[in-house]
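A, B, C, D, E and F label the chains in the order they appear, each numbered from 1.
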């Protein structure tokens, strides 16, 4: 089940639009706030995306991991930086994280054309 | 992957039957107790289903969320009440809940014929 | 370690002030949004607090549970309504929830002067 | 904060009594079912307690871990068997489990008079 | 979506190879350590696999559950022992575990040719 | 309950020694691996500590958070960098993270002499 970043992002966009149309003010503001938290500050966008990635990995959410992987590739994260981040997630979160690590790496290699 | 409430409930029923056939006394009694907890008391069935929904959402179990959505539609929960409940789940559980919120809303709009 | 609602709320207030002073805009807006999600809509404040309570219980956060218990007592939740809510949390979240159920009930009886 | 198994069990008993007095039928039946699940079947009480222990450890509930440690000592689990179980919990659950491992071992050495 | 143990193990092997090729030293050593933790000690391989199973179940990871089910069938766990283990996971982890219990049992019956 | 970094680290050291004395080879190797994952690579020690911090925060482990805060202060993380990291944890993990955010900030201000 090779996932392609375009397909992934299109489906995500479709469902997000639905959420923003049907959801209330709390939903809309939460989405804005989510974006805001990842804007560059003293920490760069790249490092913030890696923080979002490791948080998503230890909480074991494949969709969130995939999204941050797309963003990481846009921020020109190297494969070594990615692996170092996944390894911190693996140590902190344990072997239960491995299936998500496997899928994350597969998606990463796919979207970065390895 | 549009899910239809009939398909969802039929597959659920098939697997539950298997669990109740093969499982032991603890399983059977747990299933009874689960049903009992959602019967109306001082709180109505509707409000209990919303409690089950938000608990399932923050624990991020799509199957449990889908089941409570079917029950919520039977209890005539409005879309606004549903959104208010999902928004509490979103605030309490954070952005990690969003993929489940997206799928929950999509399933809800589907089963309530929006 | 009997907790008193005044002590609990004062310590919470002191730490919240510190968070709002030192935290950034994302923090401040999140706190506003959190408040907003629990304001009455089609669902009453009381039912929203019960949703917050069950979500906090299954996620097993004593501080969050205590806060929602104080709010539930202000919204005149009855002990039976409370128990029905805790029981849904118990069924959904399992025996791992029991220590939090025990502490929640002890705090509730304390703040409602049983 | 050396915990002693007698103190731990007495406080637990006091709060459980309160839960069983104030709680509803769902609570009472859940407690019965919890006991029933740990009664010897094809798996011995000892092995069931180790299952309860590792489940409590990866879910990171100190009270549940302490309770199963008391039960493990009654079932004459050896320190090596205990360590092997904690190590499976550590690998599955990751470094986030370490603070609970540390407290579990400290409590174990205390209640088994090492 | 009947899963077959051969398909499951082949896909797992393919992704694990990729992880071990692309991953760093921390990844490789973690995988070794994971294997080591399940080697027989004072506790047998069979009992260790049941520990891994219940930990995976309460953490609700289907892939991890499937893997331990394959290993349990190799260690000649009986269906009754399996059910007793799943029931402990159900009691500890609550109804949120049920969808995983359902899929676990379906996979078990499939790989053991019931 | 103001915690002081010296007290915190001494108690941690005492319990870690006990774990390393009583624990098996899996434990010792896991501790080594944990250390190894945080050594500088393409990512600096500072950024790895921030990754460890946000992972600990969303998994809601106060002890792990405190440890990474001590390490962050040694790596000369600024208060703004810290807040930006905590805010990502807050958005990803939701309001259930707030009590840990509050305690983290209080500990941070304490150990950095604000």
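By our rule, a contact is a pair of C-beta atoms (placed from the backbone, for glycine too) under 8 Å apart; a residue touches a chain by one contact, two chains touch by 3 or more.
Quantities reported herein were computed from a predicted structural model and do not represent experimental measurements.
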Counterpart interface for A-E, drawn from A-D, B-F or A-B and sharing over half of its contact pairs: A-B
Centroid-based (C-alpha) most distant chain relative to subunit E: C
E-F or A-F, whichever has more C-beta pairs in contact: A-F
Subunit B and subunit D, separation of their C-alpha mean positions in angstrom: 31
Between subunit E and subunit B, distance of the C-alpha-averaged centres to the nearest whole Å: 26
Intercentroid distance (Cα basis), subunit E paired with subunit C, Å: 36
Chain centre separation in whole Å, for subunit C relative to subunit B (CA means): 22
For subunit A, residues that touch 2 or more chains besides their own: 24, 26, 30, 33-34, 37, 41, 55-56, 58-59, 64, 80, 84, 87, 90-93, 95-96
Chain contact topology (line, ring, star, complete or other): complete
Touching residues (chain side subunit B, partner subunit F) in the complex: 58, 90-97
Parts of subunit F lying in touch with subunit D, wherever the complex brings them together: 12, 15-16, 18-19, 22-24, 26-27, 30, 34, 55-56, 59, 61, 63-64
Residues of subunit E that touch subunit F when the two form their complex: 24-26, 29-30, 33, 36-37, 41
Subunit D contact footprint on subunit C (complex, rising order): 60, 79-80, 83-84, 86-87, 90-91, 95-96, 98-99, 101-103, 105-106, 109
Footprint of subunit F on subunit A - complex, ascending: 33-34, 37-38, 41-43, 47-48, 50-52, 54-59, 64, 78, 80-81, 84-85, 87-93
